[in-house]
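A, B, C and D are the chain letters, set down in written order, and residue numbers restart from 1 in every chain.
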Amino acid sequence: MNSFGRIFKISIFGESHGRAVGIVIDGCPPGIALAEKDLEGDLARRKSGAKGTTSRREDDKPVFLSGVHDGNTTGSPIAVIFHNADVISSDYDMFKDVPRPGHANFVAKKKYDGFSDIRGGGHFSGRLTLGLVTAGVIAKKIINPIDVKANLIEAGGEKNIDKAIQKAIENNDSIGGIIECRSVNMPVGLGEPFFDSVESLISHLVFSIPGVKAVEFGSGFKAAAMTGIQHNDPIISISGKTKTNHAGGINGGITNSNDLVFRIAVKPTASISKTQHTINTKMAEMVDLEVKGRHDLCIALRIPVIVEAATAVVLADFMMINKTIS
Amino acid sequence: MNSFGRIFKISIFGESHGRAVGIVIDGCPPGIALAEKDLEGDLARRKSGAKGTTSRREDDKPVFLSGVHDGNTTGSPIAVIFHNADVISSDYDMFKDVPRPGHANFVAKKKYDGFSDIRGGGHFSGRLTLGLVTAGVIAKKIINPIDVKANLIEAGGEKNIDKAIQKAIENNDSIGGIIECRSVNMPVGLGEPFFDSVESLISHLVFSIPGVKAVEFGSGFKAAAMTGIQHNDPIISISGKTKTNHAGGINGGITNSNDLVFRIAVKPTASISKTQHTINTKMAEMVDLEVKGRHDLCIALRIPVIVEAATAVVLADFMMINKTIS
Amino acid sequence: MNSFGRIFKISIFGESHGRAVGIVIDGCPPGIALAEKDLEGDLARRKSGAKGTTSRREDDKPVFLSGVHDGNTTGSPIAVIFHNADVISSDYDMFKDVPRPGHANFVAKKKYDGFSDIRGGGHFSGRLTLGLVTAGVIAKKIINPIDVKANLIEAGGEKNIDKAIQKAIENNDSIGGIIECRSVNMPVGLGEPFFDSVESLISHLVFSIPGVKAVEFGSGFKAAAMTGIQHNDPIISISGKTKTNHAGGINGGITNSNDLVFRIAVKPTASISKTQHTINTKMAEMVDLEVKGRHDLCIALRIPVIVEAATAVVLADFMMINKTIS
Amino acid sequence: MNSFGRIFKISIFGESHGRAVGIVIDGCPPGIALAEKDLEGDLARRKSGAKGTTSRREDDKPVFLSGVHDGNTTGSPIAVIFHNADVISSDYDMFKDVPRPGHANFVAKKKYDGFSDIRGGGHFSGRLTLGLVTAGVIAKKIINPIDVKANLIEAGGEKNIDKAIQKAIENNDSIGGIIECRSVNMPVGLGEPFFDSVESLISHLVFSIPGVKAVEFGSGFKAAAMTGIQHNDPIISISGKTKTNHAGGINGGITNSNDLVFRIAVKPTASISKTQHTINTKMAEMVDLEVKGRHDLCIALRIPVIVEAATAVVLADFMMINKTIS
């Protein structure tokens, strides 16, 4: 369950307040130059610190346990861990019996029969995405010259993101956002019918990022209100370039050389300090809850680099699979 | 690539104008009553015939090759095929060099080096979903009492679907639509972190249905413009029932006992008889194209039952996986 | 469960006395010339007919349902079925309650709660290997110039196989045998540590052939009694050629360019007409049993071509996986 | 490639002289009592120290990174690492160009294009089995009351193992051995046709243990020389107990409630200090080689506990899969 990919394969582990979170990346080709500093840029983009993000401070320093030798990948599994340090677990004791609305507390307790580690969200924590960002850095090297870029294009319903964040701070509330991801220099032919379309695998991985509730490719939901003559992209070159790109760079689940474009919706962070209604499952009574602890009020701020990583991981796997039939 | 699922596992095969399309369903428990007539209802819903659907007429009669004996599943793989009969392959000769805009012709030719069977869309055809509907009928029996229902709630941008279809017929154009799927009587605890969330697997399978370009769960894209206090669903019962259902029945990727709700966008059918611009890849020149042949003008009409099947297949697999830790 | 392989992936289905047995082969590259007649040679080698084999006569004619067009593979899944015709199911009624010693009757009934189709061995039948031989024919084309050859080198403990068969006929008993498989023109580098060594995957697939009870590579069991200086193969060429081949062409789970050599033991067929002791599970009483019906008395005669197929399938998958990192 | 299992799934990583080796165990049920001390017994059995084993001294102390909380498994992935400390990497420099006979040096260099970490055998090292033993300890808890025991029953061709070791020490040579594994209190019904028979999966995992070259179940190679009436095990109880156990507890690939019995052959350790012939691949000339460094002279001494672990891991996975259809 906690793994993804067919050839370039990732396995994730860890809990937010456990000893460490990490990832094992299997199937990576040997001979890719890789140093811990290569991760710095993307890890910094994922990190908290900006206005609207949590006050938990982790140095997010990657420790390579295996798979890299003399500055290159070896072809063996790459294991990377991140120690957890700035942990205040006492904040979480009460959620055992009083599940936070909008959060995984309730389902985790039921699913794992009370044995899950709920501190800091446990295995459901966004902190697990550190591994995904790590895999993304490597995947980006593999898919070069494809270039994947994601940006927060809207937060709290506004295009002016700073303003939206400021408003949320003032309201003591959290907000969601919309992220757009665009990959350029795409080849033709990535993706696999019938069940592993590009849309299938990107959405699979992107929906595992905590907070994502919607994904649309190309014109997305707008396509439902278009006619064929409006939506079809006229082909204007033997390389497959089209005049418009309503398809988001994908036909029949396969990349067509045009930019791969999709957008995702991130919901507002569940943990807010406003009074909310929930139930004390032990006492079976309604209670009011104000969530303390340190939380992001706009988690969408930190997600673009994770979406890039997810996209790069999927594309790397597709590229390697394509080589098998060449 | 052409298989899906971990325990309740489906493998699909076939081309639109080949000898047959079919499916192999592995991991199905023994002792489930199953007869060919059990498929009639859902296959009829998928079938063409209504206004706005193709004039190709197949009897869509399932042939069970294995896995069913004396009216029950045996526990061995269930192979079911559907012969192709009403085939007019000559319609497709020209698309070898003149790819239809919005269609898989171009990418299929490139990906498979010219060897793919493009007749009727080949392996990319919507006809492949016959197998998925078959698997759905069996999965629905497994997930009982969960009840999955999908409906076309909008076509061509209108809530009045008949009117939208009529308009499309008059305009000689195709239209898209929006389908909503709701599953009731949901248990708590289906879904697997970190990569196999309910959203991940449903979107994975749903995006393999030809024409689907967007998926949103619960409030979906609207969630991006909400605040935490608006979006969080207050928990009002120890069973996990919530007052609202903005989460679409899923927290942390796991079902929370509330209705599982999602919507998908289906693009307008690519094959239309209006004049379109494309390229003759052999001659490397721009050409005008009018697509003949028999095509749906609103493929979204036929997709609700396929979406139900996809959902049921995912939920059946999750339920069986949950048993492994009970 | 009923599938095997990572890229060149096979899924098998069918029961001995059901409508058909078959296979779906996914991940096969496009553009491989393939016709039904290409299967004739290997299917004939697998067929019954020789002294010591069953009197059941099936024409074993493959029907290609998908994945082949205009004489070439298309890159889409290849589904091939074999209809069952010469079926006398009445022979099997009694085994529902009186399991044959050495046979799967007892375990199948228990595992599938009485719902398995036991006629002719059902899904446990050697007839399922028709699909494996089919996949083998295609795999042999992919791995060319590797050449895989397997032979029965001993039957009933004798090197003179005809004599051993004749003796078994006279004794009204069944016999086992030893098959050796040798693959030549091997490249260096097939196989994957840590869990997918060449030995791991070949043994995995070979042990799924009914009747196989032992596998040894190179010197095999003899290696356990050798010393390092005796067993180590001196390397005599930069291509990796060794003076001896005690390793059977594999070091560290990876092919080393020397011939890949292994032997398997096939047990005597379980179904014999001699009186045997078993239990009537319904009456809970000991009974004597004489198995009627048509059975091979030396199934090992028919297995060499199946072992070749298994080997070729594994090697094809390894070769395709190797391309992903090249 | 470096993972195994369908539900109880293990992923292994690390190199002998890298920072650490480890394992991720996914799919483990929550609520299993687990402490680091539970590993002590089996890790000690695997450890070097006895006469005939390497002088490399590692404390083999497991560090649990995730998946265990308050003394119980949480249901999330369990990551366990073992730091490498007693490392003398200089011993290995020369093997880059002068591959040791019988060792993975040559194939690793070719397969990974010179980028593999060859120090101490790198990712091919027996040290990787630390993770497997860890998984085995957990699996043994899951399969309880099944009890798995493996023993070295022969070394260097002798039943008197001490004597054989002593002789090898005197000869400055290495020796192989035969290990028998017996599991008692077996249920009926573990194993999956057609490709995941008990023999298939046990051999798959056992053949990934460095040095294993042969596996036989029940009568194994002896079965090839038996007749049906000799080999068939008469059923003497409605529970499936048989009078003899030539089948090794498996019919049709499925456990039949009798003891599960198999034997493996372990080759003599490749690294010996006697003079051997090999090739300097850089100079393309024959050279004589005496392997220095610290090596086991009878690795078979340390393998029984690893074989138990492999068996327990396979059985745990089968048991969990069986629950899906119950």
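Please note the rule applied: a contact is a pair of C-beta atoms (placed from the backbone, for glycine too) under 8 Å apart; a residue touches a chain by one contact, two chains touch by 3 or more.
In this text the structure is predicted, and so the values were computed from the model without any measurement.
S.K.: Specify the chain most distant from chain C by Cα centroid.
M.R.: So the farthest one, by centre of C-alpha atoms, is A.
S.K.: Go through B-C and C-D and name the pair with more C-beta contacts between its chains.
M.R.: C-D
S.K.: CA centre of chain C versus CA centre of chain D: separation in Å?
M.R.: 25
S.K.: Report the inter-chain centroid distance for chain A and chain C in whole angstrom, where each centroid is the mean of the CA atoms.
M.R.: Centre separation, chain A to chain C: 44 Å.
S.K.: Hey, how far is the Cα centre of chain B from the one of chain C, in Å?
M.R.: Inter-chain centre distance comes to 37 Å.
S.K.: Among the residues of chain B, which are close enough to touch at least two other chains?
M.R.: 1-3, 12, 27, 30, 75-76, 111, 123, 193, 321
S.K.: What residues of chain C sit close enough to touch chain A in their complex?
M.R.: Where chain C meets chain A, its residues are 6-7, 27, 29-30, 75-76, 193, 320-321, 323-326.
S.K.: Could you list, by residue number, the parts of chain D that touch chain C in their complex?
M.R.: Touch residues, chain D against chain C: 1-4, 12, 99-104, 106-108, 110-111, 123-124, 128, 154-157, 168, 171, 173-178, 188-189, 191-197, 199-201, 203-205, 207-208, 210, 212-238, 240, 242-243, 246-248, 251-256, 265-272, 274, 276-279, 281, 284, 286, 297, 300, 321-322.
S.K.: Spell out the part of chain B that touches chain C in their complex, as residue ranges.
M.R.: 1-3, 9, 11-15, 18-22, 24, 26-27, 30-31, 63-67, 69, 72-79, 81, 111-117, 122-123
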